[in-house]
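Look for subunit A in each of the two complexes below; its partner is subunit B in the first and subunit C in the second.
Right after this comes the complex of A and B.
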């Protein structure tokens, strides 16, 4: 078997890996926001549960979460596909990590900005929309991009419950051709190639922020 | 809760394998990480560049792919390791790459003035490293290293995929015999969480990065 033939066998999984990663990131990006706000709340009954949820989500391995979603929660949803289970499981973990990234972004907006907004009496919603979020959004990009790469790598665990991503197809190809060494090296190269553009975005955003802050 | 108590003795040997795997990967990987960090600051780019490439590959490839490569790829070139050793070597490779980056950053954080002062006092390069750079770098490096160890501890669950009888495998096997997937998997999750959270709390290592 040539490298080209192996590559063709794995190529069918690229779409699944990318969709899975982006879908889980999307779930996390949306669910992480209220979690971050609750985590920063001055009310203990919002802050403490949010803290507990974030810590527990991050303290258990992704593969274990995936198993809990697929085998335990999935028992009540017999139509759930491995792909959906993976999106839900990885999305939950992504919510916790992105919540912490959002929180750091909100914390990075100087106190004076919050105080000025509150002094002008524009209300909480307008404060977030017009003052805080435009500043926090840019700060959040580099760590969020770094996390997206981590999530891309984590997405490989979805193959264990049968999602037909790059890793799953590599596993099959290695078993059929008995050329595991070449096959997994090619799979590794595919993951590196997928993460390269995201790394570029992170670096560019980092430079942009440094310039804006006059560093 | 009563099923948790019944299942606990079944899962405990798995926890022991998980801890042994974590220590093996740290024991093999951390010294390699220190060497890689040292080499990544080498004056010759013929040394520096290959080291940077190895570190970036180690950090960029999914842990699961590395484990498969060691367990299912290396036998093809006549390197046959047991499942446990394959997992240890694979995780050690990732560990070396991540710790190399952590230690490199720790060394880079030591102010240049301190190195210049060491040289002005005519300390030898080894003395400069041992007496001036290392004690300061160690302090900044400890928290991220503990954070990484916790992530590594969680990462050992990947060894399930190459049938190492670690915590997750034990839980899955117990569940497939008794069909108590809910109890077995949540107990395994709790056992991961208790160790992770305790280690985090003890080390005060709040900032963690998702890695393996």
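Right after this comes the complex of A and C.
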């Protein structure tokens, strides 16, 4: 078998890997935000549950967590496809990690910014929207991009619950052709190629932050 | 007969504590309209805490503040509502030692923001006013620059313009020149002196004794959370009565 033939066999998984990663990241990016706010709340009944959820989701290995989602939760939703289960499972883990990244970003905005905003009499909501979030958003981009790359790699675990991503197809191709080494090197190259542009975004954002915020 | 003017702002028996540790004890101060008061004293005296209690950035644990016909009570005596607070803060401008400009916004946008979101001015009106205030503090040329591209002296003057654009009745300054090189500090002091000449009511925490002596009407000397001595600015600085004040002024002048 040639490299081209292996590549063709795996190519069908690229779309799945990318959509799975982006969908899970999207779920995490949205769900992580209220989680981060709750985590920073001065009210213990918001802060402690948020802390528990974040720590639990980060402590369970993604593989184990995915099985739990697929078998336990999947039993209640029999129509859930492996792909949907993987998006839900990885999305929740992403929410926990991104919540911590958001929290660090919000914490990085100096107290003086809050003081200056409240001293001018603008409300809390406007302070978040116009002062704190624009700064936190810039600070958050590099670690969030780094996490996106980690998530891209973690998405490979979705293959064990039957999501036909790059790794799933690589297993198949290796079994059929008995050329496991070549196949998995090609799979590795595909993951590398997908993560390169994200790494570039992280670099650029880093430069932008030091220019804009003088940090 | 000359009646003393009705105070614009009156702080009575202000106490401030951090985590149960009291750092300001029963400080009272009445400020007449147009008056310029310098708060001086050693570091840790509670000057910043007291100044910040006036716009409730540091809510006092007890005591009251009367401003513009409203009374604000310290935490133990009932506290204040959010709505009351926003009203108070919109009428009182504050300038910080570290400027605290919004780093992601240009000089102009820094001055526009609260005009739109606190006072409800239109964007166009706020821009117009912002340009006017930036010119007023001598910064017509930096309107589109980010704060990080401006000198410290320019940044502090942008911060002054940001506060002035809200038409404050009182301006609070917390060591506005302490983070600046002397040449830049001078620009800021000149701006403040002009503001005083224009009749702005000002409370200024400062270590600049020349400024205190020449610009302020009254000087309040604080130490260990209490007012030790107060009086007409030039006289108090030239001829302090309390030993504690004498020692402090000797040390500051000796530098």
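Note that in this section the second predicted complex is superposed on the first by the 212 of 215 C-alpha atoms of A that agree within 3 Å, B and C clash if a C-alpha of one lies under 4 Å from a C-alpha of the other, contacts with A are read in each partner's own complex, and residues count from 1 in each chain.
Operating definition for what follows: a contact is a pair of C-beta atoms (placed from the backbone, for glycine too) under 8 Å apart; a residue touches a chain by one contact, two chains touch by 3 or more.
Because the structure is a prediction, the values reported are computed rather than measured.
Superposition of the two structures on subunit A leaves subunit B and subunit C fitting side by side, clash-free. Of the two partner chains placed around the shared chain by superposition, subunit B is the only one that A:160 touches, whereas subunit C remains out of contact. Comparing subunit C and subunit B on the residues of subunit A they touch gives the larger count to B.
After overlaying the two complexes on the shared chain, residue contacts for A:201 are found with neither subunit B nor subunit C. Look at A:18: by the touch rule set out above, it reaches neither subunit B nor subunit C.
An angle of 110 degrees, to the nearest 10, separates subunit B from subunit C at the C-alpha centre of subunit A in the overlay. Once the two complexes are laid over each other on the shared chain, residue contacts for A:46 go to neither subunit B nor subunit C.
In the superposition on chain A, contact of A:188 is made with subunit B only, not with subunit C. After superposing the two complexes on chain A, the closest approach between C-alpha atoms of subunit B and subunit C comes to 26 Å.
The touching residues of subunit C, when paired with subunit A in their complex, are 55, 57, 86-90, 92-94, 96, 98, 100-104, 113-114, 117-118, 146-148, 159, 162-163, 166. Every residue of subunit A that touches subunit C in the complex is listed here, in rising order: 110, 112-113, 115-123, 126, 130-131, 134-135, 138, 211-214.
Subunit B makes touch with subunit A in their complex at residues 57, 60-66, 68-69, 72-77, 154-155, 157-158, 160-161, 168, 172, 175, 181-182, 185-186, 188-189, 192-193, 196-197, 200, 208-212. Chain contact summary for the complex, subunit A toward subunit B: residues 55-56, 58-65, 67-68, 71-72, 75, 93, 97, 146-147, 149-157, 159-160, 167, 170-171, 174, 178-185, 187-188, 191-192, 195.
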